[in-house]
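Letters A, B, C, D and E mark the chains as written, and numbering starts fresh at 1 in each.
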Amino acid sequence: MQSRIRKPRSTTGLPPGTLVPPSVAEGQRVRIKSFVYDESSYTENDLTSLADLTVPENTSAVTWINIDGLSDIDILEEIGERFGVHDLVLEDILDTEQRPKYEDHEDYLFVVMKMIYYYEGRGEPLVEQVSFILRDRMVISIQERAGDVFTSIRERIRRGRGRVRRRGPDYLLSTLTDAIVDQYFLVMETLGEQVAHVEATILKDPRPTGIQSIHRLRNRVITLRRSIWPLREVISHLLRGEQGIIKESTRPFIRDIYDHTIQVAETLETFRDMLSGLLDVYLSMVSHRMNEIMKVLTIISTLFIPLSFIAGVYGMNFKFMPELEWKLGYPFVLGLMLIVALSFLAFFRKKHWL
Amino acid sequence: MQSRIRKPRSTTGLPPGTLVPPSVAEGQRVRIKSFVYDESSYTENDLTSLADLTVPENTSAVTWINIDGLSDIDILEEIGERFGVHDLVLEDILDTEQRPKYEDHEDYLFVVMKMIYYYEGRGEPLVEQVSFILRDRMVISIQERAGDVFTSIRERIRRGRGRVRRRGPDYLLSTLTDAIVDQYFLVMETLGEQVAHVEATILKDPRPTGIQSIHRLRNRVITLRRSIWPLREVISHLLRGEQGIIKESTRPFIRDIYDHTIQVAETLETFRDMLSGLLDVYLSMVSHRMNEIMKVLTIISTLFIPLSFIAGVYGMNFKFMPELEWKLGYPFVLGLMLIVALSFLAFFRKKHWL
Amino acid sequence: MQSRIRKPRSTTGLPPGTLVPPSVAEGQRVRIKSFVYDESSYTENDLTSLADLTVPENTSAVTWINIDGLSDIDILEEIGERFGVHDLVLEDILDTEQRPKYEDHEDYLFVVMKMIYYYEGRGEPLVEQVSFILRDRMVISIQERAGDVFTSIRERIRRGRGRVRRRGPDYLLSTLTDAIVDQYFLVMETLGEQVAHVEATILKDPRPTGIQSIHRLRNRVITLRRSIWPLREVISHLLRGEQGIIKESTRPFIRDIYDHTIQVAETLETFRDMLSGLLDVYLSMVSHRMNEIMKVLTIISTLFIPLSFIAGVYGMNFKFMPELEWKLGYPFVLGLMLIVALSFLAFFRKKHWL
Amino acid sequence: MQSRIRKPRSTTGLPPGTLVPPSVAEGQRVRIKSFVYDESSYTENDLTSLADLTVPENTSAVTWINIDGLSDIDILEEIGERFGVHDLVLEDILDTEQRPKYEDHEDYLFVVMKMIYYYEGRGEPLVEQVSFILRDRMVISIQERAGDVFTSIRERIRRGRGRVRRRGPDYLLSTLTDAIVDQYFLVMETLGEQVAHVEATILKDPRPTGIQSIHRLRNRVITLRRSIWPLREVISHLLRGEQGIIKESTRPFIRDIYDHTIQVAETLETFRDMLSGLLDVYLSMVSHRMNEIMKVLTIISTLFIPLSFIAGVYGMNFKFMPELEWKLGYPFVLGLMLIVALSFLAFFRKKHWL
Amino acid sequence: MQSRIRKPRSTTGLPPGTLVPPSVAEGQRVRIKSFVYDESSYTENDLTSLADLTVPENTSAVTWINIDGLSDIDILEEIGERFGVHDLVLEDILDTEQRPKYEDHEDYLFVVMKMIYYYEGRGEPLVEQVSFILRDRMVISIQERAGDVFTSIRERIRRGRGRVRRRGPDYLLSTLTDAIVDQYFLVMETLGEQVAHVEATILKDPRPTGIQSIHRLRNRVITLRRSIWPLREVISHLLRGEQGIIKESTRPFIRDIYDHTIQVAETLETFRDMLSGLLDVYLSMVSHRMNEIMKVLTIISTLFIPLSFIAGVYGMNFKFMPELEWKLGYPFVLGLMLIVALSFLAFFRKKHWL
């Protein structure tokens, strides 16, 4: 999960709508996969270019084009021409620092989301931008890289399970969104375990690694918020939008996703509160520890410094010191020391330091 | 009261609307109880299956079906079929991490709440999800477990006390909600006593257990907020909704519940404020304590270190140290030490350290 | 001023609308006083029961019934029956933990406020709930206890001073509210003096009693907010309500009260800000004090510990220590000590510690 | 600038609308000045009573009456009678603790503002309440004291400079408001210099006077906010109000004032942020200083305490201590001490304390 | 980047609408440059006075007048007269402390923005105010100084690249705004690097320069917020405004800019959160460091002080001290010392201090 603020693509100085692939995408191979399905059949194709795609006319079949990788400008330009997509939209697809957004164009909806998921066993979740274009009988999804959270949906299309084959492209979009938001719960779960672990560690032994763990988790929460909070708005737009492109029968599913998004957002807020509470605990544990250390130092010092002073007095080399000549001088001084020490111990007990 | 963020049921990868019982519910026995009542009579039945239930037709009798336990998917599916409940609603009923919610479907209202109550003498309050479906002449309530806060309402139905037998299912729902919110006050009361106890403890003796108590209470407040804040919205929807399913005569009762919910929510905020105030008090008490300890160390050290130095000087073994030969050398040095000690004491007094 | 969260009356488990007197009211004597007045005349009666009250018909005379004490349920039930007051309203009157509220019923308005006032020379202000029912030609006010802030209004009615005799029951209600809000200013004034006193104390000498005073005042501000903030809303409802029961000519007076309430609420916020500022000052004064103490300890210790070491060296009993034999060994060592001491003093001066 | 919360005038217990001069106004001489002007001419008069004022009829001339001082109730009552001003408005004029407010009465607008300005070279800005009544062809301004920020406006009226003589009373009011808001910028400037001064001082040397300066400035910001924030609302009302009394051509000027008010309010917020940032800096500088002090103490103590111990060992008077007899015992011990000291120095260097 | 609050121009006391150049502008040479272009051709002129400008009539050609420098009042007055610009607008152009604003006048739009950019290799970004007047077929831009971020736009006009030559003045304004907002990303990037650098430094070694860096960055964030937050509102007005002056086809470009502005604003908020998190880390690192130092001091002191005391006892000069005569007195005492030292070491180990 990147916690740095990355520079937006180097389009400064270029006219708006100029397409420049993001620098991280350079050299990537772009892969295109299309699904064409209706209730009774489906076709699946790996395409090398959009030109190979034939969108069936005069049927109710739904086409889902998925593109992995942003390095090939030509494909985007072809999408722009063939499906009438505005070049500012195409520019947004290439800008991987986009915040989640929703745009209602005349013929199509444009939606940007962040896919956050654990990929191939890495410890850190990946954040990847996915853009969706929802058109009449078609969904186009464009991802930063290969690898996504849509595997089970592809399976459902192939096997005709669930509602997806019986419904339109709006339902497909809602299912894809649902898969993305479902992954957030997994990320939340891991985060929750990490918060609980840090809490347990700090309550046991407050070390400076504790504060650094809190700091790291807090920064992660801040980063996740930037991806998840705007999504609420996006899905709320999908829900309330007046456009005919989202059918009435799909709304309950979007409302469900909306509820999940709010649940994730509130969980994030809870983590935030918990982490700032943990910081307070950490700081006061450190303070308490300092107190303990100081107490030991003070007890030992105040106990022995006066005794050392007494010993020092009778270590002086004056010729005329009557006590030195006394027969019981030594036991007398030892007794004096004992009395002084006991008084200090009583004082410490009174102060509740022992 | 669970303070951890639990994972939502393992439905990741499944199509929306798939019914999976929550893992904690496994193996539970499901119990169904039905009440059918009107002003003049009532019947009470323990059912083994929904199929045994006959909803009286063509009467004004109200049916209340209560289901304890979520492990039996068949019952939910039967509710779905028989009463036309959407499968996303059924999925929500099974998701016990649901936040309180309100959904207005065409034929019925769907409401989720959190029941927070002390059960069988446990020290910690239980949080249990209750879902309500309010239909024409019927309320269905589905709980996570056996045991609830509705005992007195059942009694009232049986004995015909209060308004409940004379009114419709909307009034029954408002009474059930009222019983849930009433329990919140008991939880608030206990919490209030705990806050007061921690306050008293900290003001007497600031120990690190103090900060941990504050931390624990603060996390509990955060958890309760997650259950109670969204309820305000839910009840506000019930109150303002335009639907014919809630009768005008029931609104004053819902308004009353709304006022109570706000009162609980404000009390929670007050606890939050008080706990963060207590943290400040704790930290400054610890600081003060450190000051006290340092003061003792400083007084003893600065008093005796110079005296020890003087004693050290006259403990040196130089052959030619005239003072050592003086007849009054020893009393002179003792006097010098006294003067030094008194000067320091005067200095401490001036600094208000004594 | 109670800072604890008191339990709401023990109505848990009872049907809504059941009347139970608050536990604190038990055994209190209830007193009823009625005023009937118009521009030319007034009658004042102490009643033992509401049955004794005759409300004049067919006149413009205003009736003000004031009830002190909540222990007698019969009186409330009589109000309910005779004046058509909903039993949820009667229940709210008995619930002394009510937050300030406004309810617009068909025939009457129901308003709950908190009277905060100094009573019979106590140091702590009393918080007492007052409920008002405003009907056609009638105001009913119900208080928790005898003793209130309405004495001067009674006087004005008796002597016919001010506008009160010439105007309707809505004006009477606005005057009663005005009297309550006026008392808030007195409470604010005392609070302001206490804040100023704590500020002066802390800036002079930061002791732990300081933090406890801040804590106590902050809790008081929190408690007062709970009483005063919702009042803004209540009065705003009175002001904007479309009901014919508040006459147009009374609105300027209510708007005036509204302005006062906002002024009190803002003053409370200012106190809150000031107290949290004071806490910062307190903590940094304590830090500074610790610094001062540590500085003294450090100066004395670092000054004398090396000198003691030198003395210790020449206190060793080696047979062959040439310096001990030197004629000027002693003055030489004293000079060495002086040089060391002066170097440290120079170091402290450079560090600005002296 | 008063930072205390002053008691509102002692009107507690009096009927609303009773006129009582504020206690601070007692004994003040009230001064009345009138300007009557149109595009071609102007008259200026010092009046002893309002009765001396003749408002020209049937002309477009504008009358500006300015009253300095609140001690004379008669003048206010005369305003009330002659110009139909509500007695609650008159009461508000006398209440110098009023927050800035705007009231739209049928025939006139009533506006209260706070004039904050440096007067006669005092270091502290004065806060003075000014009330405005804007009527048909007339502005009445009532101030607490002599001395104001309107001198240049009077000059412009006398010399016919600017637009003021060519426009109506609404423009006059906007010009007066503009003069008040312009003064706020001067106060902000001084405050900004003080914040910068405190910042420089603290970054150089964090002394407890630093925290007290921050505290004082923060309280001043709180006080100014109380005067300036509500003004935004007041001017926004002036701007949006539907009343014919403010002409369309005056609106751009009011919009300009509105922008300035927001600019002042934002500057105040910036100061608030900066001051709370400074507090953090101060506290961490103090912490750092403590660290420095402790480091010196620790280095000196840990260096010399072991050395002193070694010296102490060889200062013991045992009869049989072989080292004491060694020829090279003394240099050997000195060497040992050197090694110990160098080891500690190496340790400190490793810890980056040197 | 100025972090001081500068005084608004010294117009206090002058009538609104008086034009006074800002003091910093004095002596600057004013430069005027005009572009007149349509799809097929363009002319570019450096003008010495606005009188030299001929705006082509009856064509669709767009005129862009850019003015660098605010010292010449005559030019502004000429703009006022020739293009009917209100003198309050002209005054706002001269007030370089203006916050970003949008004003919709009948014939023209007036927009103020802040250009924040790195100029000629300086380390600090420059903040410069730019005012825009958008009229029928004309954009006038007025800058504080020479040097801006519009170079690439001029190039595009000259070479006819992009859409700019084919579209109207509204598109030109949107392109200029786009160029300004694009620069914000560069500033954000540098700021992000600085935050990351401070973070790395603090986590490695918490020095007081760390807190000062945080403080400086935080003040910079505060200053940038003042420039960027109001811009959101400005662009939102441009987007939603009903005026015919912004064509429908330009809106997508403005919406794009709006999204960018929000992205910048959110990034600023993220920096704010990160910096306040860093402060917590810094403070707790300093605390931890103090703990480390105290631990060393305490270990050394508590280890050697009791040993020194024992040595001191046997350094006393009493005549009758039996141990001194013992043959094994010295090794016995050394053994005693060893035991004491080992006990303390065991104690420290138990306390996890070693």
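A few comments on the model shown:
Just so it is clear, a contact is a pair of C-beta atoms (placed from the backbone, for glycine too) under 8 Å apart; a residue touches a chain by one contact, two chains touch by 3 or more.
Values in this document were obtained by computation on a predicted structure and should not be read as measured data.
Distance from the subunit C centre to the subunit D centre is 26 Å, each centre being the mean of its Cα atoms. Between subunit C and subunit E the centroid-to-centroid distance comes to 42 Å (mean Cα coordinates, whole Å). Among all residues of subunit C, those that touch two or more other chains are 283, 287, 290, 294, 297, 301, 305, 308, 312, 315-317, 321.
Contacts between chains close into a ring here, every chain touching precisely two others. Around the ring, proceeding from subunit A in the sense that reaches subunit E first, the chains are ordered A, E, D, C, B. Taken in their complex, subunit E has these residues touching subunit A: 151-152, 156, 161-164, 174-175, 178-179, 182-183, 185-186, 188-189, 192, 196, 203, 252-253, 255-256, 259, 262-263, 266-267, 270-271, 273-274, 277-278, 280-281, 283-285, 287-288, 290-291, 294-295, 297-298, 301-302, 305-306, 308-309, 312-313, 315-321, 351-353. Considering their complex, residues 4-5, 7-8, 11-18, 86, 88, 91-92, 97-99, 101, 103, 205, 207-208, 211-212, 215, 218-219, 222, 226, 279, 282-283, 286-287, 289-290, 292-294, 296-297, 300-301, 304-305, 307-308, 311-312, 314-317, 321, 323-330, 333-334 of subunit D touch subunit C.
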